[in-house]
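The following pair of complexes shares a single chain, chain A, combined with chain B in the former and chain C in the latter.
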Partner chain A sequence: MNRSATMLNDQPSRFGLGRALVVGFSLVLLIVVYQLMRKIMIGARWDSYDTWTVVTAALAAMACALPGVFLVLRRQSMMGDALAHTTLPGIVVAFLIAHWLEQSGWISSATYDSWRHAAMFIGALLIGVLSAVLTEWVQKLGRVEASAALGVVFTTLFAIGLLLIRLKADQVHIDPDCVLYGIIETTVMDTVPNTNIPRAAVVNGLVLLANSLLVVVFFKELRISAFDSAISTTMGINANVMHYALMAVTAATLVSAFESVGSILVIAMLIAPAATAHLLTDRLDYLIGISLAVAACSAFLGHLMAITLPSVIFTPLGYPEVVDTNTAGMMAVAAGCLFVTAALFGPRYGVVSKLLDQARLTRSIVAEDVLGLLYRLEEESGVGSLAINQLTAMIGTTTWPTYLALRGLAASGDVTVRGSVYELTDSGREKAKHLVRAHRLWESYMAKHFDLPADHLHESAALVEHFLGADLREELAAELDDTAEDPHGREIPPEKA
Partner chain B sequence: MIRSVLTQPSRSKIENEHPASAPLSIHDMTVAYHRKPVIWDIDYTAPIGKLVAIVGPNGAGKSTLINAVLDLVPKASGEVRVFGEEYHKQRNRVGYVPQRESVDWDFPVNALNVVAMGLYRKIGWCLPVLRRHRQTAMEALDRVGMADYAKRQISQLSGGQQQRVFLARALVQDADLYLMDEPFAGVDASTERAIVDILRELRERGKTTLVVHHDLQTVTEYFDHVLLLNMRLVATGPTSEVFTRENLRKTYGGKLALLDQVGHKMTMGESGR
Partner chain C sequence: MNSVPIRIGVAMVVVSILFGQLEQSIAGPTHDTRSLSRDRLEWPSADDIKRTLLLRDYNTRIVVLGTTMLGVAAGIVGVFMLLRRRSLLGDVVSHSTLPGIAIAFIMMEMIRPGGGKWLPGLLIGALLAGLAGILCTKLILRYTRIKEDAALAIVLSVFFGAGMALFKAVQYIPSGSQSGLNHFILGKTASMVAADVWVIAEVSVAIVVVIGLLFKEFSLLSFDDKFAAAQGWPVFRLDLLLMLLVAGVTVIGLQSVGLLLVVAMLITPAAAARFWTDRLGRTTLVAGMLGGGGAFCGVLISAMYPRLAAGPVIVLTGVLFFLVSMLFGVRRGIVVRVITHRQLKAAVGRQHILRALFEFLEPKCDPSAPMSLQLVDHIVSTDDLQPMRSWTPKRLRHLLRTAEASDFITAVRDGGYRLTTQGAELAHRVVRNHRLWELYLIEYADIAPSHVDRDADDIEHLLGSDIVESLERLLSQRYPHMSVPPSPHSIDVASDTTTQQAVP
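Coming up: the complex of A and B.
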């Protein structure tokens, strides 16, 4: 595609103007979005409570996004989902041990309160590693694929966790609903004494800080072990150990985020930001940065949607009493929306940019076909002039691509319009010569190496001609001993006049 | 060393089995997956400063041999010495080029990042890749003719270019023993020439290189030594002596049916009585 483009567009590119337009457009868009947001936030009576909700959720989401990046890159996204479930027995056992220590007088009830969280954390770390080890065992013993092993391990451990809660309900005050669906609206109320900073914001902030430090310090090791486990291990960075460490960190992040935002949101935040970022960049450091931004944006947009969307939707339907909805759920929705946006508009992998590339390629191929047609006509009858409908019919395309191609060719001075017919200019003739040369060289090449009747050559050459740049033409010519005639006995135009 | 002498008293000349100067010496190594031996009782000592082709049919255990030397898969029995010591003590002196299919090419790294990975061990844990490391990596990319592609995301390289990146990564390790798993698989003609040039350059600098190779046509042209493998070591030595019709027939002429049968029994845990 590059080759065909360089064959035609030798004029200075208009990339500078295009870039300026994009920047200007984004600035206008930003201002519009900002004004809209302000209106919406004022309309929804945004207050410090909303701000803290978003801050807490954003911190939790960002903390999750960091290990999530490496889960996604290792193609172990399901492991996050599984860990979200397996941590339950870890938490319960940790609580039970802490409780038992307090009962038997090892620790005072004051320390019990502060220890509870540390115990939960350690329980999660252990269960993270245990889940990874168990999954591997099941995989080996059961001779099943990793996802099947995961399915067995996480349902079993989750069930054990639920059983433990039922059995020991009188000793531990854990509400499974709270662990799974943690309610961010209420956790924000639980603030650090004498401030209005929610305790959950502090916890999630610390976890985010710890995860960021780990990523910065072990960036190299995380990268190599995720990319190429064999090389990593031979270089003394044991990929298995890194795997277990990642599982442990993921589990610890999960439990700290559970309490405040609930498991549904946590699972979404583990995978969605990294998956979104993967569509937007090919650099690991950018990918991590974009994941964090997507996580924070999802938290903000999600809460905004939760307090505004329901009334927008339900008031016209006659239910004015519906004013807001579950924030965590909406954050997951927002993350999903951001992913879809990236999938549609991503610069390289986006659906839209792929369509644009396709259109650009079509246009340049049609343009080259126009040049080739006019050249051949000149060659046969001395003059080459065709109207747009004749060109369209002979190329076998529709009017639009021909129109666009002709406009481009006229702009670059390769064709001129006389009345309603188009003719080659000198520069157009030069380009056409290369194209026809490519076509006939390819026909000769095919005829030399394939045992084919002469009428089979044209179609293949018509396809290939657009992709034969100067270097390949040279190679072909050398291979054919600079033959001057194609298999149909027509002259192969020389590379230079 | 002492332990091996004790456990194998019949092998009194242990130094001869594992000469300290040999880049690689394998002594009676058997490797099994799920108890089923894949390669049996390999005895091999690699010559210094030679290019060695590891040749054998599919399923002969060529990759397994390399992976076992590198401790990537456990050995059922036997020993491996690299320059007279256990592999994990000599990591710095061994470079490895895995099969191209073994990694995810959509991973967000560019060619230069991948080559710089070869320096991670030298850089050390937790320390960042610095400008001079990138410089070294860039030089290696240049040596394999890939300097223009340093900033390309690796999925946008052709198969041959990807293989060159892998080779450059091994080069920056500046090892003394190289193990390469099918570097010629699916590469274009110019990459093949580039790889051969690099291999010869390594040989001139006194390095030993073991290459899993599939193309029997080129073995004599490219390699000094061969190691013919089909679940067991069929023959090894200079190409001119060992790469014979007779030996190839032994290597490719069907596996030893009995080895397979015994292996199957061992997997099933059947005692045979």
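Coming up: the complex of A and C.
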């Protein structure tokens, strides 16, 4: 009922001026934000090194956000989190095999260096599919609940990975700290020869490109299988294949991002941007676009926060030596902040907008109730004027919705104010007539068809009257053979005077 | 004693008194820290193994004690999480604790420089942050359209990110760089000292005691929280208490297994216990035992091989227990299920062949004399039986062989078979069950006689004697004296085509 009332109120014509205002306001806001950012960035001594950090992180974040969209839609977000853990043994085993091949002379050490990344990639792909398969097995064979099965599998694989790292640390050259916490600050130093471009930026850019290509090419398949796997299977798109392919791609993306930005950022960037976008739109193409934008924004804001916030917070606490912090961690925090903002202020699903919608609906219903009340008074006693406190008491609301409703009515010229006493104008009377007509038509309709006693009609009609438009009133009147009286014997006002 | 807070309060007092006693009695005179601090990965000497297994070292002893108690508590709490389908919430709690630890450290440093490492303070910070993580998840679920999985993932990653950022900041604080806060992430059992272990042990026992006292309430909550609410139980507060217990387990598990793996201690034993029993009380006991046992073995193994970190080893021991349970669990284990399935399949096959024999012989018998006596007189060949059902010749031969082996039929000259007395009896019973069900369907479910055969074919094997008895009672008006009612539909090869799809 809320929804339909909002829809009735949302006439498109009302948005002409409003939209212009919003655009203008956003432009002003953008300029202010830009100036503010410039000041902050200059204050924080932003240099090209920071820019490359942000670019690398943004590319990694966007690469992760793409598979993340589908994980969120398929309600497998925790699978992404689990994959972020399970890729660890994948990487370690791949490294160990490559190392063993090199030691035993199968491949030269030059090949080893150039194939290290490929080996890691393949290891991640395999482990991604393996985790999905193992989870499925535990779930099906052991009849264990899905999330518990996932929990068992990913902790097991992760524990194996940790043990392997501890045991073979000297061979695999992986620092567990680096994989877990991310040292984006130093990976940026490792640049492509003769340029400023960090190697990690190139890798992540390529993964982003590959993921975008996959999304574009398989858009239809991804969309159908994300929303309804049963339908996709009947249409010839094997839902299982899509599932495993998504797992493999996710794992490969994770592993490429791991090396440069660490697992925390990766987990955050997998789910948070897509979830944020999900709060803002219902369309898949917009969802993907917004996710990418949110991912990039989180990277930028996160780094900015990492180099500015610590001194702001810690200096007053007495620790001026804290000057910056973990960029990847702050990027996750930034993504969280964007999510909260969207959850609060999203235009359709935001908490605040829902409250505003509700307030607007309340106001319009109270306004209509005021009109109806004044009309009935006029009808009974010939004089239709009341003070605000009487109105509030008779409608049965608190004071402020009545106050707001009366201001709106006075502004649109439906009531006049004399001192504190309100009275209907002609236009107000016309609207009130329609409302009372709707009320009484509904009562008559209920009495005719639902076999209710006369004292049970009013409650329902008082609710429904606000939602009966001209066409519905006409239909009701035709259905009731244009009866002139309601079940209580009162006159049903005509549609037109 | 009925009010919950009083019960808990009394229990706490008892526990703390007990612990005072226990602490004094267990503390050995020697404070030898040798066994857990050597760094090598060779096969331990027999002496070392004996030394570890017999818990000779004070340090091994207390670490084993603390971790085992943690395992028991985690297993027990995990059962309720599993039943509420919230297993992964433990993961969220553990990741969320990170910023709490850092903030607690910073706050304690501010109060008294150098005092930031006070464990109970850090654990309280962790507990509060873990609860905050749960609260955020609940808020997201309540007020946005985000589904549970994404809500969990977001809270987990954002809190963890915030924690990492704070940890990096802590590194800059002079006393923060050697604070060992990193041990909370991956766990470091060996670095635990007696005081840490006592905190762990006390909290574990408190958790177990609370669950024991509120067992009825928590089981109601796990199976049907709406019913519990309708009955007037304080469901919200109970849920909150359960969350508090989860957070408690997680927090004390941080030190031994680390926050990345502590969730395994919540999930794995509980999931494993489900293979052994269907009853909640026993599941809880088994989960506690598996959790405690896994932790016990894990710590001992890692004490023998100091290079194997305790956290992963404990988790992997638990997984080993899980795998064994999954295979051999007496209630839902794979082996048991396979055996039951095979037995059922064999019984179904036996009943099919007997019914085919009966129905083939039925027209040849004299309806006026008792059927069971006549059945054993006739000889049936394989070719006669082949068209009775849609079975392959191979399957038919196999079924005949099995039936012969269990003495339901005897082979006679040139490939013929004859029912034995007990075979005739069983065939008689099977056909009667089949037809009673058919008649029941026709009479009460209003299904056409030509359509009942397949339904009856599925159900005939499962009809117990009590159901047969009530069927007889229901149908006795119309078929008073017949031991085997006549088939309501014609039995020939054509009508059996309906049966074909029903036979796997």
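What we mean here is this: the second predicted complex is superposed on the first by the 446 of 497 C-alpha atoms of A that agree within 3 Å, B and C clash if a C-alpha of one lies under 4 Å from a C-alpha of the other, contacts with A are read in each partner's own complex, and residues count from 1 in each chain.
Keep in mind that, in the parts below, contacts are C-beta pairs under 8 Å (C-beta built on N, C-alpha and C of every residue); 3 or more make two chains touch, one makes a residue touch a chain.
Quantities reported herein were computed from a predicted structural model and do not represent experimental measurements.
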Inquiry  = Between chain B and chain C, whom does A:75 touch in the aligned arrangement: first, second, both, or neither?
reply    = both
Task = Name the contact category of A:351: first (chain B only), second (chain C only), both, or neither.
result = second
Inquiry  = For A:156 in the superposed arrangement: first (chain B), second (chain C), both or neither?
reply    = second
Request  = In the overlay, answer first, second, both or neither for which of chain B and chain C A:41 touches.
outcome  = neither
Task = For A:144, select first, second, both or neither according to whether it touches chain B, chain C, the two together, or no partner.
result = second
Query = Is A:221 touching the first partner chain B, the second partner chain C, both, or neither of them?
reply = first
Request  = Pick one for A:237: touches chain B only (first), chain C only (second), both, or neither.
outcome  = first
Task = Compare chain B and chain C by how many residues of chain A each one touches, and report the one with more.
result = C
Task = For A:278, decide between first (touching chain B), second (touching chain C), both and neither.
result = both
Task = Would you sort A:394 into first (chain B), second (chain C), both or neither based on which partner it touches?
result = neither
Request  = Using the superposition described at the top, list the residues of chain A that contact chain B and also contact chain C.
outcome  = 75, 278
Key: Residue ranges of chain A touching chain B (in the complex, touch as defined)   = 73, 75, 217-221, 223-224, 226-228, 230-231, 233-237, 278, 281-284, 286-287
Contacting residues of chain A [partner chain C, same complex] = 72, 75-78, 80-81, 85, 138, 141-145, 147-152, 155-156, 158-160, 162-163, 166-167, 176, 180-181, 264-265, 267-268, 270-272, 274-275, 278-279, 306, 310, 314, 317-319, 321-326, 328-333, 335-336, 339, 343, 349, 351
Key: In the complex with chain A, residue positions of chain B that touch it   = 67, 70-72, 88, 91, 94, 96, 98, 102-104, 107-110, 113-114, 117, 120-121, 123, 125-129, 153, 169
Key: Interface residues, chain C side, partner chain A - complex   = 41, 82, 85-88, 90-91, 106, 110, 140, 143-154, 156-158, 160-169, 172-174, 185-186, 260-261, 263-264, 266-268, 270-271, 274-275, 307-309, 311-313, 315-316, 319, 322, 326, 332, 334
